[in-house]
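This is the structure I have questions about; it appears just below.
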Amino acid sequence: MTRTVLVTVLVLLLFGFVLFIYTAHPEGHESDVSAYYIHNFIEDTGARNAVAAIYLNYRMYDTVFEALILLVSIIAMLHFFKVGGHG
Amino acid sequence: MNFLVITLVVIGFLLAGSLVRVFVGPTVWDRVLGLNLVTAKLVMAIVVFAFLVDRTFLLDVAIVYSLLGFIASVLISRFIEGKGQV
Amino acid sequence: MVELILLISLVLLALLAIRSEILRVAVVFFGIFSLVCSFLYLYYQAPDVAIAEAVIGSGLITLLYLTALKRYKVYNIAYTSDAFTQVTDRTIVEGTRHEHFVREIEEFCFNRELEPQLVFTPDPVDELVETGQFDLIIRQEGERITVYGNRENFVVDELEMLLILRYEDLNIKIERFGEEQEQEEIVV
Amino acid sequence: MKIDISGTRSEIVSIMTGVLYPFIIVFAVYIILNGHNTPGGGFQGGAILATLFLARFIVLPENDLDVHWSHNLEKMLFAVILLVPGVFVFAGLQYHFAALREPYLIFMNIVIGLKVAFGLTIVVFRFGFYEGR
């Protein structure tokens, strides 16, 4: 019971903290990088969807390592499940 | 413009009604039915919202909902009916 | 307005999915949670994330959780008595010592990761045994209680000790049905 | 593998899934190919392609599907994901051939979509079929 109360108090404090951050700084500074991406992505990459432009051109390392994580997790899963005969 | 906003609010209240059935439903079947109802209401809400903000590419998400809500409810129903066989 | 309804229901659904004891219901709650969450992503102008959340939350995660739940077996219990002349529910035994008894069995099943499913019926024991879909049958005659369990069911072995020790006043007798096991002679 | 008709198969679900099958394929291909213009892309389209196998699993839960070939195919597709951007983006080929920028996006979306589809299919079949019986 005391554990539930402690967790509730902790979650409420965290909620208040997040709400405080949100109200104290309503709008972040417009950084130069994001402004550049928003204004120039069509000429730079040829995409009309800004998300595709970012994850396939500006932030390509992110996508490559994300694919690597998927591959590694599936190899680990195949290693632990010996049932299917492969492994 | 105004008509679409009113429609969205009405759909929101219907959504809340379906969610009440999900929250208080005594058996599992009521809740699965509530899942189906919520999926249908959300498809309607997405279509109205896409026309409200005038971005028709949001309709893709509505197609995803209507294709896959069927699969989810069938999976859960088969699991409960078959007493643990998926 | 719609945003407010959805945000409140999101918190309620998350709490229910965590706190519900029956895990199949928690899967349903999680499915609705991910759908509502996906609509909110759409509302905040992120349709890419909304599509990914809708596909994974409604389709793939449901299958993974349900497959994991297959290890969580359903345990069928029949509660039969001649006093039940019609289709009845659990209000019949409410407030008595018998209710404590039934609750104790349910709690026992929860501790063993079994999910008890209780059926109240006036049918005689022989018919219930012949259907073969009940793992445990409880027969009430006045104050006497007889528990019928399958001979091969090892859960009944554990239940036997607990019930006889705690509920002496209910006059409990335990009988086992099923095929007689042949004693294998062990040749040393 | 022989088909078990006496099991838990339901005719309504079978026919409805048969109707839904081509729509799911067409929609997944649309999401992947149009990923650079509309929301969507490789990951989302691949996940929808994986739910295609999920729908097949609903109709025929007892039937095995040989997914061993998709393990090697996924590793090869990862090599493609590593090589093509390495030449086109990291080595700076995109600054010399501006006409190839849009075909590059479409090609990468297709490759990522296939890789995610194979990976999630392996997950679904390992978990739903082998682990859950």
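Should a chain be cited, it is by its letter among A, B, C and D, assigned in written order, with residues numbered from 1 in that chain.
The rule is short, and it goes like this: a contact is a pair of C-beta atoms (placed from the backbone, for glycine too) under 8 Å apart; a residue touches a chain by one contact, two chains touch by 3 or more.
Just so it is clear, the model here is predicted, and its values are computed rather than measured.
Student: Return the chain label for which the distance between chain Cα mean and whole-protein Cα mean is smallest.
Tutor: Smallest offset from the overall C-alpha mean is found for B.
Student: Please report how many Å separate the Cα centroid of chain B from that of chain D, as a whole number.
Tutor: So the centroids are 25 Å from each other.
Student: In angstrom, rounded to a whole number, how far apart do the mean CA points of chain C and chain D lie?
Tutor: 37
Student: Could you give the separation in Å between the centres of chain A and chain D, each centre being the mean of its C-alpha atoms?
Tutor: The separation of the two C-alpha centroids amounts to 22 Å.
Student: Please compute the C-alpha centroid of chain A, do the same for chain C, then give the distance between them in whole Å.
Tutor: The separation of the two C-alpha centroids amounts to 38 Å.
Student: For chain A, give me the residues that contact two or more of the other chains.
Tutor: Residues 49, 51 of chain A touch two or more partner chains.
Student: Would you pick out the residues of chain C that each touch at least 2 other chains?
Tutor: 47-48, 50-51, 55, 59, 63, 67, 70
Student: Note the residues in chain B that touch 2 or more other chains, in rising order.
Tutor: In chain B, residues 57-58, 60-61, 64, 68, 71, 75, 85-86 touch at least two other chains, as defined above.
Student: Between which chains does touch occur?
Tutor: Pairwise, the chains that meet the contact rule are A-D, B-C, B-D, C-D.
Student: Show which residues of chain A lie in contact with chain D when the two form their complex.
Tutor: So the residues of chain A in touch with chain D come to 45-49, 51-53, 55-57, 60, 63-64, 67-68, 70-71, 74, 77-78, 81, 83-84, 86.
Student: For chain B, which residues are in contact with chain C within the complex?
Tutor: Per the stated touch rule, the residues are 8-9, 11-13, 15-16, 19, 22-23, 28, 31-32, 34-35, 38-39, 42, 45-46, 49, 57-58, 60-61, 64-65, 68-69, 71-72, 75-76, 79-80, 83-86.
Student: Okay, in this complex, where on chain C does chain B touch?
Tutor: Result: residues 1-2, 5-6, 9, 12-13, 16, 22, 24-25, 27-29, 31-32, 35-36, 38-39, 42-43, 47, 50-51, 54-55, 58-59, 62-63, 66-67, 69-70, 72-74 of chain C touch chain B.
Student: Okay, in this complex, where on chain B does chain D touch?
Tutor: Spelled out, the residues of chain B in touch with chain D are 57-58, 60-61, 63-64, 67-68, 70-71, 74-75, 78, 81-82, 85-86.
Student: Contact residues on chain D for chain C in the complex?
Tutor: On the chain D side, the touching residues are 31, 39-41, 43-44, 47-48, 50-51, 54, 57, 120, 123-124, 127-128, 131-132.
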